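Here chain A shows up in two complexes: once beside chain B, once beside chain C.
What follows is the complex of A and B.
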């Protein structure tokens, strides 16, 4: 509880979920309309915050709703992230000498980011995400070129995915499922958006890093399946997932986070083995897809900057 | 000396000329044959590197080679950047020419005002802010960089921005350099810088090469494993081909870029391409709701501004004279408040003594008889349960509270303890099922108001029992009648308690033979107990007329308030316990004696009463405003207010249980066991005292603990002065005793470690090693 701020009501102000709006939907728990190998479309734009040295905004389009719902609560979750990069700026005098750029990352969920309202105090998942993001970025930045300086990368999650399908939330049986799958998509988004913002700030990098997620999901009445960029609300159950921070042109991985239960024998004979390597490879594909968007966005913003500088 | 002459003789001009000439000569000589040879070789190599896209003269190349000390790489770099830089310059020049033509010449042949349409230009006003940015913050371009580092960063950023331009204009010098460096390696253009290509396009051999150079283990690429694309998944058969293997089939090479959502468009403004929102999504709803509002034009004053402006213009015109009036009014009210605050200044609260004639007041009151009784007995005899039942049957405790206790007790597995919980409030007491400290409770009958002092039966808590017993007028001895327990009780605390209360001055005792329901209300059992106990109590010094026996059952409530209905108990025709309690004679109150109050507890009574004490008024009277003396601290205090039986009162008399709220004293001077007395008649504080002792066990000169009420003080029996005759109290002739046998009465000398407030007639208990060794009377 932060007493310095005017806090909202403790219980949260989630809009009511009426049973009548849910009746039509309960049957279709899995409603992924994308191909398994298709990632959600990404919108990236840099230069959002003028006061920061670099900034970017990223959103993952929400999967199109299969039915016309009337309630706002039934809205399919999307992902909206902003990232600001401050620096490189001189370290305070009190800080000890550092021969390279000191990177500090923060990931913050807006209070309204998810259905469950969050407080201002950073919680464990935010710290966890920040640590992962730091590992991902550390391998990309050329820190040696910026001695005695620091850079802050702040990612704000404006809208983050729910951890479980809406029905489960409505029924209140959240405890029965293992959550945290949404965090993996968020981390991948964080890596991509931070990369865009770092590029916007003009900090030297070895390559453009992008994030990608792949997962093994269980669909109702179907064997386990490999999908790119899973949306937790689309699937009945996510068995395992993997996030990757990938440098395409160097073919390097700076961040890898996998969790879940991968049993190699669980798949059929002819299919691609449901093993860890396959999962990682697919995550790399997802990262490559994100890279194409990122490259285009950066090109576009650079052109815009050139235009404005030519005019000015 | 000679040096001076030398300097004087120097021709300065000549010297300087000489020097200049020398340098020039050196420089000219500098381009040696060796240098020329190096220049020639460098020229060839540069030409080789630049290849066909370099249209530089030999002079240019030689100059730069000379400049860079024949460094081929740097020369190439320089030349290329020169070339790239020169091109935009040219175009700029052209633009400048166009602008340079005067407007006069331009409009020469057109008439004034009627300019032909084709010559009319449209003036486009650039938006103030570059789109795609949020408002706020300092624009980097305008503000001067704050520090060197920031400036460096800005410079780098600018350079970064310019880079792509270079890429488009000319083959990047970096690429060229790479080619230069990669000579010994494959002579193939590196695909690294084209974004569309991926690793898989490289040959495996090449890949191996690059991976070898790396510090980290290479990732096993799916293409390297040569996995057939069909091997992916079987369930979605259509998908297996499309899975984005890095070979990259055309379909998936498309960038999965999305159009901005409504939210994003609001952020970035309309410049972000407008896109029809997907039907049925939240975005569409959002946009629909947006349509209802006309956008506010921020160039005009806001509605608030309009209102404020209107108000400010109107007011002086309307009532010019009114303005000062409320001002004055305000001043007055402010003054009044300030004045009021001054008046309210907290004054030292002095309680006025009302000079009451307490005795007269007490006589006027004609209160009910008040009686304090202590409940004693062996541990688990059922003292607390008996009292709980008494309170419950007298409706002091309501049904609901009891039900709650019962439920909680059952949860702890102690269902039968529910009634005892009425008095045992502490958590430890409840968990252990044993009374630990004196519990006090009040109830009233038609004639008398009683205070129950429920004493702990366990031998470890005898000091607490003594504290309770010292406040009692009479005692209720509870005896467990069930088989075996009576006998063990007789050996245990039944006797000790009885002796203690007798030595504390209690005259009257009511013996409640409890738990008779467990022996089916056997009359013979009751008679046997009556016989044994009355024999013992008589020897202990109780007069037989002050003894009363009653068969009862605390758990079921028989013979407590209501007479028992059990047919087995029909032999008992006497009154129930409550009637016996009521029939107790009112005790004589020591009203005329000087004030004495032993502090039972010290606590913070509330915000207004930071210091309060509780205790029983042993003797004398007290009223609000009295100054009292606390012994042995010898500190005075003032009585701020008095609470008698938790009701405020102006006065109190002996025999009442009080709470006194004190002022003008520091709490450090108070501790439980201290005595409150009037300054006029202070209680003496003694370090050595003679005590007439009744020995319960062997007493020799030894260390003892002296207890009086709450007072605990360590001391020492130093001398056994004389043995006394039990009946007459005369000194037994003979030599001084060296040891007191149990039951003997003697006069002993006690030396206290610190002064204790005791006076003649005070009853003390001596304990040693956790046992009561004797009881005495201070002489």
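What follows is the complex of A and C.
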């Protein structure tokens, strides 16, 4: 029991159960309205937290409302992330000497980020996401320029995506620790938003890193298909997915995470075989799409900064 | 902003004058910097350009979180807060030593409902009148509702509200939590338990939610009517000659989890957090819920048109302030600064909050530090808070 916070009633409470989910009269999986090679609209804004060295906010547009979305059960969430960067700042005296910038990343879900209320105590999936984010950023920062210093990157997930398709949700499968397709998009968003915040903080990087996701999905009554930037609630089933942290101008990958059932390569003659290599290529394509948005946002905020410094 | 070099400097090096940009000056000598601003010949002005009694105008955006039943994003200057309200079901049988009092509950719900109908009409009229007479001191509520304005009525409504919040506190139905550890300022980094500030703010919001009697218990009770599911909840006692089974009873309650997350913190955390709580509660729509006897559980309807809003009894408004004492020439001079930003908060050794509710009723006053602020200043602050109440009502719509 957490004595430093206000806990709910001792007997425990349960989230509301909707009658429609019990009768099985649920909406079928919403169809993806985007083209397979079309990513969702991204909104990035930097400088939300003036007291931090750098900060950014990222939002992915939610799937357009279908006729089912009137129900309270299947309103489609949009990915909303904020990120703050503190530092580089001197390490405490007690810390051992470090020739490089020490990077520490944290990812935290807000209690209202998911369908199930999440507690304040950090859980394993948050730690896992933070570790992935750290590997992605470590390869980008030029750590040698900041000896004996540390930097904190904190990402807060204000609203996450569904972890699994809506139909599975109706069957009572809440994704939980194993499902977690939504985590892929969240990680990709984390990479992009952290990149924006690090740039806003003016920390030296070798390139602008962005995240991208691609997946092999099964659409209702259609063969397997490759899509960019999948939204789990749009598809009947996700077979495999891949997240990438990609540096475009150096053509480097600092973070790669794929899961699902995929063959490593294909000997077939199709232009886009359903294999790992194609999946990675498509994830790179998604990351490039995100990069275009990020570059615009950073340009805008830099111009604003220059203007204000010229006035001041 | 520039400061003159001290005499010893100028004698050794008469040509060079020492000038700083304002930001550096503020960092080096914050107290002198703030004093210089406040004792400027053009009248006291704070570094932000506000006068001492001027608040930052808040902006509010509601309903942007999908998974919450009610939500709000509030921004006051550089302080930004997200608040999400989420209802969960607390079953009566899960409450340790819960004593059902169906008649009592039904009576209160019924009275409450009756009151509410009449109150809604008068409140609208009152708010309009208040806008006109703001600043003219306290007014007599009875005179504004002559049709039903006897002391009995007043006393009864007060009693219902008090009983409601006592029951809410006993069952623990309101669960506010405030999180600062989001990196919202360099002092608030995640890792470790909630900071002292986060804990005190949470506690203050929890007590304020109860002492202002903000919510109606009737909104949070879930009734089960065995015989006539859709008839009126309260029936005269003479009809209930049957055994207990046939009587309506409270089967469950809504517990409201109110989570407040700071995105950015630049002073005055409490006011921003409280405004976000009010806005989120106002935005909250709980789905229609009923007790399903066959399944022995509570079910909800997913039809948004059936979802109900929470009725807020009041709109209590918080106003935090600080007392700044000048240094140098204006030593001993004091300024009352309302709605301070982070820089000013660091320079004030005394501060506090007043909370003002409906009709200028003071709900809460707190003050810490030395005895620099007297009754007169507090009275002024209450007047400011009344003005701010109008502003907040405008923002909340």
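Everything below uses one rule, namely that the second predicted complex is superposed on the first by the 261 of 312 C-alpha atoms of A that agree within 3 Å, B and C clash if a C-alpha of one lies under 4 Å from a C-alpha of the other, contacts with A are read in each partner's own complex, and residues count from 1 in each chain.
Everything below uses one rule, namely that contacts are C-beta pairs under 8 Å (C-beta built on N, C-alpha and C of every residue); 3 or more make two chains touch, one makes a residue touch a chain.
Everything numeric here is computed off the predicted structure, so don't read it as measured data.
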{"item": "First (chain B), second (chain C), both or neither touched by A:50", "value": "both"}
{"item": "Which partner, chain B or chain C, touches more chain A residues", "value": "B"}
{"item": "Which superposed partner A:126 touches (first chain B, second chain C, both, neither)", "value": "neither"}
{"item": "Contacts of A:18 with chain B and chain C, given as first, second, both or neither", "value": "second"}
{"item": "Which superposed partner A:237 touches (first chain B, second chain C, both, neither)", "value": "neither"}
{"item": "Touched partner set for A:292, first chain B, second chain C, both or neither", "value": "first"}
{"item": "Which superposed partner A:222 touches (first chain B, second chain C, both, neither)", "value": "first"}
{"item": "Touching partner for A:112 - first (chain B), second (chain C), both, neither", "value": "second"}
{"item": "Partner chain in contact with A:4 - chain B first, chain C second, else both or neither", "value": "second"}
{"item": "Touched partner set for A:78, first chain B, second chain C, both or neither", "value": "both"}
{"item": "Residues on chain A lying within both footprints (that of chain B and that of chain C)", "value": "48-52, 62, 72, 75-76, 78, 158, 312"}
{"item": "Chain C to chain A touching residues, read off their complex", "value": "21, 65-68, 71, 78, 80, 82, 84, 86-91, 94-96, 171-173, 175-177, 179, 181-186, 189-191, 193-194, 199, 202, 206, 255, 257, 259, 261, 263-266, 287, 289, 292, 295, 297-304, 307, 342"}
{"item": "Partner chain B, residues of chain A touching it in the complex", "value": "35-45, 47-53, 57, 59-62, 64-65, 67-69, 72, 75-76, 78, 80, 87-90, 149, 158, 201-202, 204, 219, 222-223, 225-226, 228, 248-249, 251-253, 268, 270-272, 277, 280-282, 284-285, 288-293, 295-297, 299, 301-306, 308-309, 311-312"}
{"item": "Chain A partner contacts - residues on chain B that touch it in the complex", "value": "126, 130, 132-141, 147, 149-150, 153, 156-157, 159-162, 164-165, 192-193, 195, 198-199, 210, 214, 216, 218-222, 227, 231-236, 238-239, 242-246, 252-253, 255-261, 263-264, 267-268, 272, 278, 280-282, 285"}
{"item": "Contacting residues of chain A [partner chain C, same complex]", "value": "4-22, 48-52, 55, 62, 70-73, 75-78, 82, 84-86, 106, 108, 110-115, 117, 120, 152, 154, 156, 158-159, 312"}
